[in-house]
Structures are given as structure tokens and as C-alpha cells.
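The structures considered in this document are given below.
Two complexes follow with chain A in common, the first pairing it with chain B and the second with chain C.
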Partner chain A sequence: MSSLVLSAWSAISPYGVGNAPLRNGLAEGRDAVAALDRDLHEVPFQQAALVPDFTAARYVGKKGTRTMDRVTALAVTAVGNLVESVAEELAARPEQTALVLGTGSGSVQSIMDFTKDSLSGERPYHVEPARFPNTVMNRAAGQSAIWHRIKGPNTTVAGGSLTGLLALSYALRLHRGGHCARVLCGAAEEFSAQRAWLEWHGRADEERETPLGEGAAVFLIEPAEDAAAAGRTALARVGATRFRAYRGTDGPREALTACVRSALDTAGVEPGAIRFVAPLGGGGKLAAEEEQAVIDALPGVHPEWIRMRERIGDTSAAATALQLAAVLATAGEQGLGPGEAALVTGVERDGQVGCAVFTGG
Partner chain B sequence: MTTTNELNAEDRARIKGIICDILEIEPDEMTDTSRFKEDHEADSMGAIEILSQLERAFGTDIDQAELSRMVDLDGVVTVVGEAVAAKLARAN
Partner chain C sequence: MVYEEEQRPRRVVITGLGAVTSIGLGAPTFLAGLKSGRSGVKPITAFDTTGFAHANACEVTDFVPGEWIHHVDPEELGRATQFSVAAANMAVADAGLTAQDLRERRVLVSVGTTDAESRDLDTLVGTQLEEGPERLSPGLARRAQAGRLSSGIVRELGLVDVEALTIPTACAAGNYAIGSGFDAIRHGEVEAALCGGADAVCRKTFTGFYRLGTIAPEVCQPFDVDRKGILTGEGAGVLLLESLESALARGARIYAEVLGYGLNCDAHHPVAPDQDSLARCMEIAHRNAGVAQEDIDFISAHGTGTRANDVTEAGAIRQVFDTPPPTVSIKSMIGHSMGAASALAAAACALAITEGFIPPTVNHRETDPECGLDCVPNEARPAVLNVVQNNALAFAGNNAVLILGRMKEAA
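Let's turn to the complex of A and B:
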């Protein structure tokens, strides 16, 4: 079990920009999915869960954001709200703070727009050079670091719907390897027409209708003693992360149960201590397998289930990070209490399952 | 057939709009001779961006060597006018 704790977090969700809208939205049990303006969005979905009124100009500023795409602006904004918690440390030793950010493919919208310009313009090079950086996967992580002067290791992690958990796992290794004093870690995802079409074509029929969501969540991960010294509350201790591959449609249940058991074992957590479970969820067989796997691993336990996908849609790469944010939002200002634990799980349709265990006190 | 490198007022306004957008300034901040670099904090990336956006907008090629003349709105209008004229001459 690591000595690392989550001591601050920052979320942008379809409930709004900031932690308070997420906290309130969940407390009220509100559904953030709404009808899409089809004149504005030419997509095969009737509904989506968008971050209300979010634009780069509004939240990041008018200067330097003309060509910043949506996922980058979401990341820069979320990281910006988080760095307020470590402003002193960041100013004193900027190279000691790492940024690990999860993303889907970067912005598929930006990638396709740029490629289309090159293919359909009068000349292949009649493209907007300033938009080129949006086409690389690490644009959001890089720009977030540049914008907020974070000079430690800068990593982009992509792993489908498990992205947030994989980024967390990477962040733990990065710190264990001695590469930084603390890590800002999370994931971001944007709503776009191109992502909508890719999801529409890539999904199984049974989950095709799940509306898309978007958002970002980032966490400050640091040693417990550093958090205490700085006067930051340890909201949760990172117990363990586990990942496994599965085969076939019956595979995820068994694989995830093994993951959860192993993570609980490593974290030294009794199943009965689990107070919150935040699964990836959604519709279809995979979601049913996921919940059954957790029940198998926690026999006789009755945790509070936090089902984000029902509330804010499918946030793809940001999903598991937003699930963790939802756990912290639900746990309250003091985080997980002594003896309490939380479980975040995910099933990626490409054949991977994962989970993370967090403890309080 | 005579070729002219005089762009009309509409083209000039369009060019100004493109440049102001790239430099992130309001149109009334830019005069015909205010300098992009010295007066509007343009960097080399901004200059390349202006050149390529104008190529896209006017469907023409502008040699990068012309950047040395594209220091203010008057300079850019002249360069674009010549590029458009050269394109028309080739087409004829």
C-alpha cells in the first residue's frame, strides 16, 4: 500500500465547471443529460451531457485560445483550478510537480478537421498551422503544463474507458520511481461530432443509445506527510490499482472479480469496509457483468453505488476519473472516514478491466 | 487583359479580419501601417499563420520570402494583390 493520498481535486462535469456543481448535482440526484441542438451538432444522437456554456475564451481567457480545442480547454481549466491548491510548491519548485493526463485519442475532431482541410483545400498545405498542435495526443497535457508553468514530467495516457485508472496507476509508478514530489493526475474528454460518429459506429447495438458526456477531473497526489505539512486534508489514501485482460463476452466478470480481490488484498482492506462503489456502468451486458463482478468480490456487503453514466452520459476517456471525483464529491469535505474505503471500477470493451481501491483515515 | 494588383475594399476588410483574428486584437486597434510585430506582439508563428490563412482564403500561393514585406496591413494587401494577380495571369 502506497503512502500517497489524494489531497485536492478539480472537476468539470455536465453539471458545470468546478467541484460544487458536481457535488450538488449528485446530491440532488439530478440527470445532466439534455436534448441536443441538432442545428448546432450534426450527430446521430438526440441527447448529450455537455458542460454548460463551456468555451475556451470564457474559461481560459481570450488571449492565446483562438485555436485551442475543447478538450485542451477543459484540461487547462481543470488543471488551473487544481494548481490553486499547490501554488506555493509550484512557484518554488515547478520541476517537482508532474502532470499525468488521460485522453481518448486527443481530439478526434481536431485531427479530422485538420486532415480534411489538407485533403480538400486548393493545396495540401493550405491548412491552419496554429491548429496543428491540436492534432497530437499530448496537446491537452502539454498545454496544461505550459499554461500553468508545471515543469515536472508530462505524460499522456490513453486506454479507452479505463484511461483515468490507468493514468492513476502510471502516476503512482512515476512517484515511486522518484521522478517528482507530487503528481497532478486525471483525464479529460470533449463532446464533438466526430467522437459521436466514432462511438455510434464502434458500439454494440445494445449500448448504442447511451448519450455522450464530457468533462475532466484531476487530482493532487502526494505523500501523506506532505499534505499534512501543507495543511491539506488527505481525502483518500490510494490503496491499490489492478488491471486484467479478458476474452469473450463472459470474461469481464471473472477478470474484474479477481482484480477487485487482489486490489483489496494489497490495500489491506476488508470487503465490508467498502462504503462507495463507482462502476463505469451504462447499459448492456458489460455493465451487468461489471456490477456482478463487484458483488462477487464483496459478498454480503451493501455499499452505496454511484452510477455516473446514468447521470452524465458516457464520458469515455474521462469516465473513470469522473467516477473517482464523484466518490470524493459524495464522501464530503473531509473525504473518506477512518475505516472506510471506496472502489472505482471499469470495463473496456476492447478486453481490459481495471479497478482502484481508496481508503480513509 | 490587364492585371491589377489593386484589391477592392471588401478584400481589404477580409484580410484585416483574418489578421486581427490571428493576432487576437480588435479591428479598430489596427491601422493601415501599425506593425504586427512591434505594435501587436505578433511572433514568427503568427506571421506564418497570417501567410497560410491568406493562402487559404484567396486560393493562392504566397512565397515565404514575402514575409519580410508583410509587416503591416498595407504591406499584406500589396503582397496578396500581387499573388492574386499572378494567379490570374497564370490562368490566362
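Let's turn to the complex of A and C:
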């Protein structure tokens, strides 16, 4: 059984940069979705949940950020706030810390802008070479490592709405395989016009109006004894992650119920211990199936539901990571208490479900 | 099957190979191409190359999706996903398994990529420029998702108890994906892993490398004094991994054992590799695999054919090895297939071990003295291979080195 714990976290959400804005926003029950300035954003959505006043220059600095795209800036900033917790370890042995970061398809804005320059310029190679790395999907993780001198394994993970959970699962496997002493793990997603158009066209009708959100959340994952030795509070123990695939209309519900039961079993957690549930959510049928699946797996239990999508929109690849951040934000400074557990779930419209179970202490 | 947590780690073996390459579809054809030193280079057909002074690549030109994909509508899949799904089907069949067999097992699917479906994103940009963003194709928008590269395999095989992981760690992604599959089997987390990498030639990436001045005008000549750069390529390599016990129990053919892998990050420069850091990655891989540098019988290099890569990589090899073993680049034959590259190279290593030969570095005239390696020029070489090393480097200094070994009886 895993003895890995989450001992620090760093979030950027539509409530603002940092953990405090997320904590306060959730505590106040505030809705971070706002009307979009249509002069600035030529997109088919009326509303979105943007990180207020976020730019690379403002949060990463003016130096070296001229060509830094938004998702990279979000990742570099979120990782930067997290590495403060492990500054000593990172300075002493930079190769022992891994970084595992989930993204969608990197920055579709960067990728498509680059092709646009090739197609519309005077010559097809009239593109800006310094922007080429932005079009490669490991850019955000790679730049975060360069910026903060993180020399351990550096992995980018993608998997739609389940990205954050998949990154966590990959990180646990990486650590268990002996490839690092600790992992900084999370996910980031940017708001961009290009992402908005792709979402608009790619979504089913019932989901079409859900506003887009953006943000990032990263977590320090390390053995409980290392956290204790360094004086970091174990905010939650990672109990288990679990995934399944589904087909057909009743598929998501049954698959996720099986998934949650299995994760609880692996983590040795009784359903009644679940205090928080953070589902992916949303307004459509999948979201209803997701909640029903959790209810099926937790009969007679009445957890506190943390429904992030209603508050911060569809944060796509960052969603499940921000759900976990919301659990920690809600649990308070000491994290999950003894005997308490939390469940984060997701349903990907492409046919997969996933969940993670966390316990107190 | 539920494994006991405290059991000792399992040995992990490769029992199935799937390959979609510019020199052949399927492991037997790929093998024949590697042995004979076939070259997949030809003029690009993926996009209009007007305005580029030269535009060769290693495209897969004989791939008919419907011949390799049986359950999912190929139209719902981008080209890279079509490749990954086809290669997965090949690997399952090659392992003597059926989709039903895998549905009864807990499986990890992990697929690496550089560009995922950027080819579709290119197409969408074209539509957007001509007709406006309101006119984008919903089908293309839906399938242009990186996660599809692994979830497409899940859908095609109808897998149930499965984790679908896509690893877009660029040009080292194949080794990353195989590494995660190795760890998952080794610790009893899953019973089978389908892992590898896939990419499709696209305007975006060709243009980027062209602009950097790193596209070779005609052919790719790794380690040659006259080398002129990379050729972009495409395809997919998927390996079926399982535990040794599982393979023995069902009497499966074993290509090779995965001995271990190492990862690290230069954390130094966005595109230029770092020799010391790459050398350290090789040492990490050797340590994790329980081998010494003198055990390595040949190295499948990242070997892109650029000045920066080849000199840096050769330097790192000389730093680690007292006497560098033969070091080849199959990119001379299949180009740089990006996220598929190290997966296909791993498949080539497995075939090399099984068939007793070292694949050649073709298009070779004169070895660059700065590289100073035996690159097995132009013709495959018979060899008894016990331990082989597969290097992979990516933008951002993401290094991944995989070590495979000949299957030996349990000690």
C-alpha cells in the first residue's frame, strides 16, 4: 500500500493566483465565471472563467517570457509556487525531484498560430523559430523544469478530462519504480480563442454552452517519512487511483461505480469515511451518470460535494487536478483529518472513467 | 488477478510487436527492411510543399486504415491515432493474443507522441483561414485530441479494466511510454501493457525544423561527416509487455526482456541537448537495469543526423563507455518519426536481439571524426546480442534510455 502523501500544493484558478484565492472563493461559494470581453476574445462563448490579470510578464517576469505562451506561464508559475516548499532539496539534489505535468494538446493556440504563419506568410517558412518549441506538447513541463532547475524525470501526460488523475497515477508508478525521491505532479490548461473554437465544435449540443475555465494545480508527492522529516504536514495520503473504460449509454455509471469500489478497496477505505467528493461535473448526461455512480458506490453516505465546474467552468485538462486542489482547499490547513477520506472522479466523453481516493493523516 | 503487494518485482518481457513504418507495415516487414537497410525517404505528400526549397520525408504511403483497424471507424481517428491503433492490433496478434484475452486482464495502454493529431490541427487552420472559425469540422475538432492516441486503442480492442495514458514527451516519448508499462508490469499493477509511440507527418513540425535549418535536403545521414540534418517521418511502434510468468504460462514467444530504463531532464536549454546530462541518463539506465557499460552490445542512438545531436550524443557515449559499442541510427532508414521514434527503435532492438543482427546506419559515406563511432555503415551485421541500449532525447532536455536484454532462463 502506498505511503505517499501530498504535503504541499499550489493552485492557479479563476479565483486568482495562489491557494488563498481558491480557498476563499470556494468558502464564499463564489462563481468565477464572468462575461467575456468580446473585443479581446473572438470566441463563440459569451462567458468564461479566466485567471484574473494573468500574464507571463506579470507572474513569471519580463525577462525571457516574450514568446512564452499562456499554458507554459501558468505551469511555470504554479510549479514556482510549489517549489518554495522543497527549495532545499531541489538545490541540493535537483535530479531527485520529478515533474509530471498534464496538459491537453499542449497549447492548441501556439500550434495553430504556427501553422497559420506558415500558410499565410509570404514564404511557408516565415515562422518565428523561438516559438517552435511552444508547438511541442512537452513545452510547459520542460520550461517549468528549466525555470526551476528540476532535473529528475520530466513527463507530460494527456488524457482529456482525466488528465490530472492520469498524471497522478503515472507519478505514483514513477516513484514506485524508484525513478525519483519525490514528484511534483499536476496539470495546467489555458484559455485561448483556438481552444474555445475547438471545444465549441467538438462538444455535444448539451454541453455546448458550458463556459471554459483555465488554471493549474500541482502537488508535492513524497513518502510520509520524508514529509515528516522536513516538517511538512501530510495533507492527505494517496490511497489509490483507478481507471476503466465504458461503452454504451449505461456505461459510464457502471464503470465508475466499479472504479470507485475498487479504489476504495485498494486504499482500504470504508465508503462511510468519504467526507468530500469532487466530481468532474458539468450539466450534461455524463455528469448525472458520474454523480449517480458515486452514490451507487457510497450507499447511505452523505459526503460534501465539491462541484468545481459550476464555479470555474470547464478547465479541461486541468479539471481533475483543480478538483483535488479544491478538496485540499476545503479540508483546511491541516488537510484531511484522521479517519477522513476524499474522492475525486472524472468521466471522459471519449470512453474512460477514473478516480482517486485520498485519506487523512 | 490481484497481486500481493509484497511480492518481489516481476521480470518483464516483450511478446508482441506492432510497427507502422515507412519501410514496412508489421514486424516481419519492418524486420526485413532493417536487415536490408531499406530507406523510406520520398517527397512529402502530406501537405503542399510549394515554397520550400526541399521537402523530403519518410512517410508511410501504403497504409490503408481499414486493413488494420476493425472495430472503430477510421474516420473517427486522426492519422497518428490510426497508426497507434493499427500498431496495437499488430502487437496483440503478434503476441498470439486476442482482444478478448486482453479484455479479461488489467491493462495499461501508454502511447507517446510529439505532435499527436497536429496534422488535423493543420487542416483546421486551413479551413479557418479560408472559411472562418465558424466552419471548423466537428469531427476533426473531436478527434484532434492527444488523449485519443491511447484511448483509440482501448476502443478498438474493447478493453474494460484499463488505464489509457498518452505521454506527449516529444521525441523521447516512446521510451517514456515503454518505461511506464515496464513499471506497471514489474510491480504487478497490470497484467499486460500496450505501449509505444505514434506520430504523423505534419506541416507544423516540418516547417519548424526547416526554419531551424535542420531538415536534410535529400537523405538522413547520422554520424556522417556530410550529414545535413533530419528527415521528418511518421508511424507507430507498439510493444506488448507482460510478466515472464505470464509469457511462460501461455507458451508465448519472447523477443526480449525489458531490463530497465532511466529518465532525466537537462533543465538547461529548450532545444540544445546537454552532453553531461545525457551521459548521466545512460548511467541511470544502466544502474536501474543492473548492467554495466561494458555489457552493452550495441546502442540504438537517438541519432537524428543533426550536427548538435550527433556530436553531443557521441560525446556522451564516449563519456560513459570505455570502448563505445557499435552505435546505429535507424532514423537513417525511417526518418525521425518523432514520438514513435524510440518506440520503433525499441522494436528494432527487440528484433535485433531475436534475429541476431545489428541494424545498419544507411546513407553512410564517411564517419565524422568528431563522432568517432562504429555506426555499422550501410549493411546489417550479424551479432550475438545480450544487452542493448536504446537512446532517446527530446526538446527541453527530456532524456530517456531503455535497456533490453536477451531472454535468459530464470536464475
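A few remarks follow.
Methods note: the second predicted complex is superposed on the first by the 361 of 361 C-alpha atoms of A that agree within 3 Å, B and C clash if a C-alpha of one lies under 4 Å from a C-alpha of the other, contacts with A are read in each partner's own complex, and residues count from 1 in each chain.
Basically, a residue touches a chain if its C-beta (ideal position, glycine included) is under 8 Å from a C-beta of that chain, and two chains touch if they have at least 3 such contacts.
Given the structure is predicted, the values throughout are model-derived calculations rather than measurements.
Applying the stated contact rule after C-alpha superposition, one finds that A:Gly64 touches chain B and leaves chain C untouched. In the superposed model, A:Leu119 makes contact with chain C only, not with chain B. Chain A has more of its residues touched by C than by the other of chain B and chain C.
Once chain A of one complex is fitted onto chain A of the other, the partner contacts of A:Pro133 are limited to chain C, with no touch recorded for chain B.
Touching of chain A by both chain B and chain C, each in its own complex, is seen for residues 123, 125, 127, 129. Partner chain B is touched in their complex by these residues of chain A: 62-64, 66, 117, 121-123, 125-130. Those residues of chain B that touch chain A in the complex are listed here as 21-22, 24, 45, 48-49, 52-53, 55-56, 59, 61.
Residue ranges of chain A in contact with chain C, taken from their complex: 1, 42, 44, 94-95, 98-99, 103-106, 108, 111-112, 114-116, 118-120, 123-125, 127, 129, 132-133, 135-139, 141-143, 145-146, 148-160, 162-163, 166, 169-170, 173-174, 176-179, 193, 197-199, 201-202, 243-245, 247, 255, 348, 350-352, 354. Within the complex, the chain C residues that touch chain A are 5, 49-52, 113-118, 121-122, 124-126, 128-129, 133-134, 136-138, 141-142, 144-148, 150-151, 154-155, 158-170, 173, 176, 179-180, 182-184, 186-187, 189, 203-205, 207-212, 262-271, 277, 280, 288, 394-398.
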